[in-house]
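So that you can tell them apart, the chains are marked A, B, C, D, E, F, G and H in the order they are listed, and the count of residues begins at 1 in each.
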Amino acid sequence: MKTWNVYLSGEIHTEWREDIERATTAAGLPVQFSAPVTNHEASDDCGVAILGAEADKYWHDHKGAMMNGIRTRTLIGDADIVVVRFGEKYRQWNAAFDAGVASALGKPMIVLQRPEHDHALKEVDAAALAVAREPRQVAEILAYVINGSLPGATAAQAAE
Amino acid sequence: MKTWNVYLSGEIHTEWREDIERATTAAGLPVQFSAPVTNHEASDDCGVAILGAEADKYWHDHKGAMMNGIRTRTLIGDADIVVVRFGEKYRQWNAAFDAGVASALGKPMIVLQRPEHDHALKEVDAAALAVAREPRQVAEILAYVINGSLPGATAAQAAE
Amino acid sequence: MKTWNVYLSGEIHTEWREDIERATTAAGLPVQFSAPVTNHEASDDCGVAILGAEADKYWHDHKGAMMNGIRTRTLIGDADIVVVRFGEKYRQWNAAFDAGVASALGKPMIVLQRPEHDHALKEVDAAALAVAREPRQVAEILAYVINGSLPGATAAQAAE
Amino acid sequence: MKTWNVYLSGEIHTEWREDIERATTAAGLPVQFSAPVTNHEASDDCGVAILGAEADKYWHDHKGAMMNGIRTRTLIGDADIVVVRFGEKYRQWNAAFDAGVASALGKPMIVLQRPEHDHALKEVDAAALAVAREPRQVAEILAYVINGSLPGATAAQAAE
Amino acid sequence: MKTWNVYLSGEIHTEWREDIERATTAAGLPVQFSAPVTNHEASDDCGVAILGAEADKYWHDHKGAMMNGIRTRTLIGDADIVVVRFGEKYRQWNAAFDAGVASALGKPMIVLQRPEHDHALKEVDAAALAVAREPRQVAEILAYVINGSLPGATAAQAAE
Amino acid sequence: MKTWNVYLSGEIHTEWREDIERATTAAGLPVQFSAPVTNHEASDDCGVAILGAEADKYWHDHKGAMMNGIRTRTLIGDADIVVVRFGEKYRQWNAAFDAGVASALGKPMIVLQRPEHDHALKEVDAAALAVAREPRQVAEILAYVINGSLPGATAAQAAE
Amino acid sequence: MKTWNVYLSGEIHTEWREDIERATTAAGLPVQFSAPVTNHEASDDCGVAILGAEADKYWHDHKGAMMNGIRTRTLIGDADIVVVRFGEKYRQWNAAFDAGVASALGKPMIVLQRPEHDHALKEVDAAALAVAREPRQVAEILAYVINGSLPGATAAQAAE
Amino acid sequence: MKTWNVYLSGEIHTEWREDIERATTAAGLPVQFSAPVTNHEASDDCGVAILGAEADKYWHDHKGAMMNGIRTRTLIGDADIVVVRFGEKYRQWNAAFDAGVASALGKPMIVLQRPEHDHALKEVDAAALAVAREPRQVAEILAYVINGSLPGATAAQAAE
């Protein structure tokens, strides 16, 4: 049975990844999740922590961003499905950037965002195959996509 | 030994998928089948069931079709071989669409259809490597392609 | 200034191609249209007319369909935009097949079809960037996409 | 002599595109610029203006965003170089999305942004080959890339 | 109007290329032909003539074959259509090799060969969209593919 | 440890495949071999045996060649290395065709052939990374490529 | 859990590969390393040792280099991450060549080199996502990229 | 008639580019040459000259190398043929890097280098289709590849 690789991009300050993972585990779905490094501090400082300090904040950031790129490019490239979460805070250009990468690579994309951002995200949403409001819905989409089962129904007979 | 991924696209109202799967299992072939969600109702309503109702039937359908796309694009992309079945009823543009996708991706394609549709399907057939009339023939093709064995013969020596 | 290549796929029994071409010419748009051979009889018989008769109707059709494929594969591959028209008659699997090809090649697609086919075409529509009802709308989309001008408005300032 | 196609993505409320175009024209550079539709209102309403009104704002936006996608996907795909401008206002997820697309397509990218966004844009900048602060610098980069000439110097001998 | 690039691969000891070119010129078709170097001696000796003699015949041949590869790989890559001619003499593995390249690159292919080789060429033919017997037929295919006109008929109305 | 997929294309009338397989098994190499169906009769007749007889020998062959294509395209696409054997008999255009496919797909290729064919195969050889004379040499190449060990030497320390 | 394929290209006269492998093993990272054949003599002579002697040193080298190419092209193609080491001695054009291959294939690249080569390697470094000075740093990058853990810190919570 | 795009990579301290260009102009060949910026100082300082000074020499170099990358990636991507010159001085890792890029992109490559570097360049040479010693030979290769004419001979009849 196929194991589905699902990359969870975007916002790192709430528990949305854990919510999705718990629900898919509970449903027994064959999913392997991946994500960026979600420790904000480690993500910011990894470059200088390993390769040496920079006097200039720009290059401090640059070294870290490139190092994170080794992880994220590889895992998005491996993914069957990319989920991109836009949260309440910060500019989150990184999430939109990942959405663009996923789109250009032809990866099926699910966007997870609140309705108040609908207008600002309309181009990103237009490149997605589903726009969800709650992590629970992402797990339900995965259950349907993998098993054919819909919420509240006896699981449909999986075609696989 | 290689496991062959075979995607079974198209008509969902008869037992053709089960017929093929039974025959390949009986022959002990290393095949992993996949397919769209074949529960017609679930396939139509998945979008609104998970992401919320739509007032407009067009968008009701659209949400469902896009959600089904997450599954079908991934599984066709994974497939070694795509089988496309055209049945007796409905317009089945979806089957022809999948055939076009498989063709453009360079996937070996087997079409399964009745002779009365030969003329209407001639461009689709021209992109296929085999045109079968019965599910049994598809299973026989898989046996030959994987093992080199022909029906009614002692299995030829597999080259693999 | 860029010339846009637009491939007009699908139904060959009404004047929809001419309608679109007239409207884009009137608007002075830099568009180069291409299409399958729209002479139905020539399209059916080209294979045997050039390469010799076939006793079997299946191979008669096959030779023609493959010869048409030389033209259609090349021109769809060259296209910036693919328009697919579903008409009132016939099964038109060929149109849906072209839509699948265009989708898998990442070509922006416009579907032109009547509302009564919305449900049957929902997967095809889900792969399109626009679903139009009238040829006039396709010409208006081209005008907007190329010049930024909307119908009934003084032409917006083109960004190009 | 090669004509360079340069796509100018992002912010649409200041004159940065005109600034770059004026400077490259003054320098006599063989550049063909392209851009999204920069008339904000047309860009928001194009979908419903051509294809018919939507009761739901979400789908109103969606139809427009998809129609804009016909233009932007084509022109980014044609571009030799993609310039992405992040301005002072709005969330500009669209700009970051285009940057992701350009990156995944392997297009050389120039980001144009103010230093106060350096930290928020660090992943986007890490995918760019240049980060400029002023439109003038983008024009100077184009002059150098095309002609080998640096500002304030007698034009270096072009290698082409 | 599109100019079609047609690569004429294979046998170099008869006038088949000139026959096709004369016929397409007479028909006024917008075709640009290309081909390998057809001077047999130059083709064999080009490597050592330019880069210096080799004591070993194997490397003499190798240097020439690689130099010819610069031309043939480029021109096959540029081609819209690849025509492969198998003649009466020699082993012509080179022609079959080019056919494999064309097939893997997704180029529409026309094979030109005598019926006595049908069985030996069946895999090559199976990758072609047309199998012709005479150069005249290749020119007729080009006329049909480009203009929609069939031999002996008043030219059909071209769709382009 | 990586399992290497090696496709053995070409001549089917001698034991060269078994020779290579025996030698690599003896050396304990992690190789998975694949090949076309090497039962000549089955390979010729598979199409009509499964899909029904053809009156015309050309279509008899065509159906078989296309069915074999399902197997060969898939397995060449899966291969890390393609070995192509040219034997003493028949025209073997099929082998040269496979070599062209392998080359265009960027697969490392080993050609196995007798010196008397060097001149006729010079273009095919120029696309190969090794030209061997004996099956034993192919097995030695695999041992070196996988383990770094050379014949007659104590196995070099594998770098993997 | 994903196993990461890491290709270690470049200098073969010091223990840098073993240093990295020891450190990643100690950290329990799921990494599969690969490399060119690092036995210098075997790498130089493999071609003639297996395929027969050459009178001309140029072709002696050529046969070996092509045989090494079977290994290196395959393993770089399989790699998630390519590490390229520039040492103190020799010209090491081979390392720079591999860096170019990795870059064009879109592989995340880590360069390992001493500061005195910074200027000479600036174009290579510009294509890398990290430039390390010590093998230890490469192991630390792998630990961070795979687990999110930074050196000297309690391992961050892996996001995977 | 096709214009051939030829990129001249590598050494910038001798007149080899001008030699090739003079000879191809004299021969009337339809070639469009491109190259990196060959003004050494401009090439080193372009980044800081346009985008502002850097305190750290490493980032000074980095900004310049990335800016040069906008030019070189685009022009190598456009090239039909890539010529890479290794000169007498400096380490020239940049040339070897370009050779790797050209190879991975499938570009026919000509290496221009002195015999004393044969051993050090053997892997680079193994990826080339010709290894020349003098600029004159590169021009002669272009004449042969484009026109079929060999030096000292009356120009062969061009096949194009």
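In the analysis below, a contact is a pair of C-beta atoms (placed from the backbone, for glycine too) under 8 Å apart; a residue touches a chain by one contact, two chains touch by 3 or more.
The structure presented is a predicted model; accordingly, all values stated were derived computationally and were not measured.
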Higher C-beta contact count, A-B or A-D? A-D
Mind checking chain F against chain G and telling me if their interface is mostly the same residue numbers on each side, over half, or mostly different? different
Measuring from the mean C-alpha position of chain G to the mean C-alpha position of chain H, what distance in angstrom results? 26
Centroid spacing, where centroids are CA-atom means, of chain E and chain G in whole angstrom: 42
Just the number, please: Cα centre separation of chain A and chain C in whole Å. 36
Sites on chain D at which at least two other chains make contact: 66, 69, 106
Of all residues in chain H, which touch chain G in the complex? 57-58, 61-62, 64-66, 68-69, 72, 86, 90-105, 115, 117-127
Touch list for chain G against partner chain F, complex: 17, 32-39, 42, 45-47, 49-52, 63, 66-67, 69-71, 73-75, 78
Complex contact set, residues of chain F against chain C: 54-56, 59
Quick one: which bits of chain D touch chain H in the complex? Just the residue numbers, please. 1-2, 4, 80-81, 106, 108, 110, 129-133, 137, 140-141, 144-146, 148-153, 156-157, 159-160
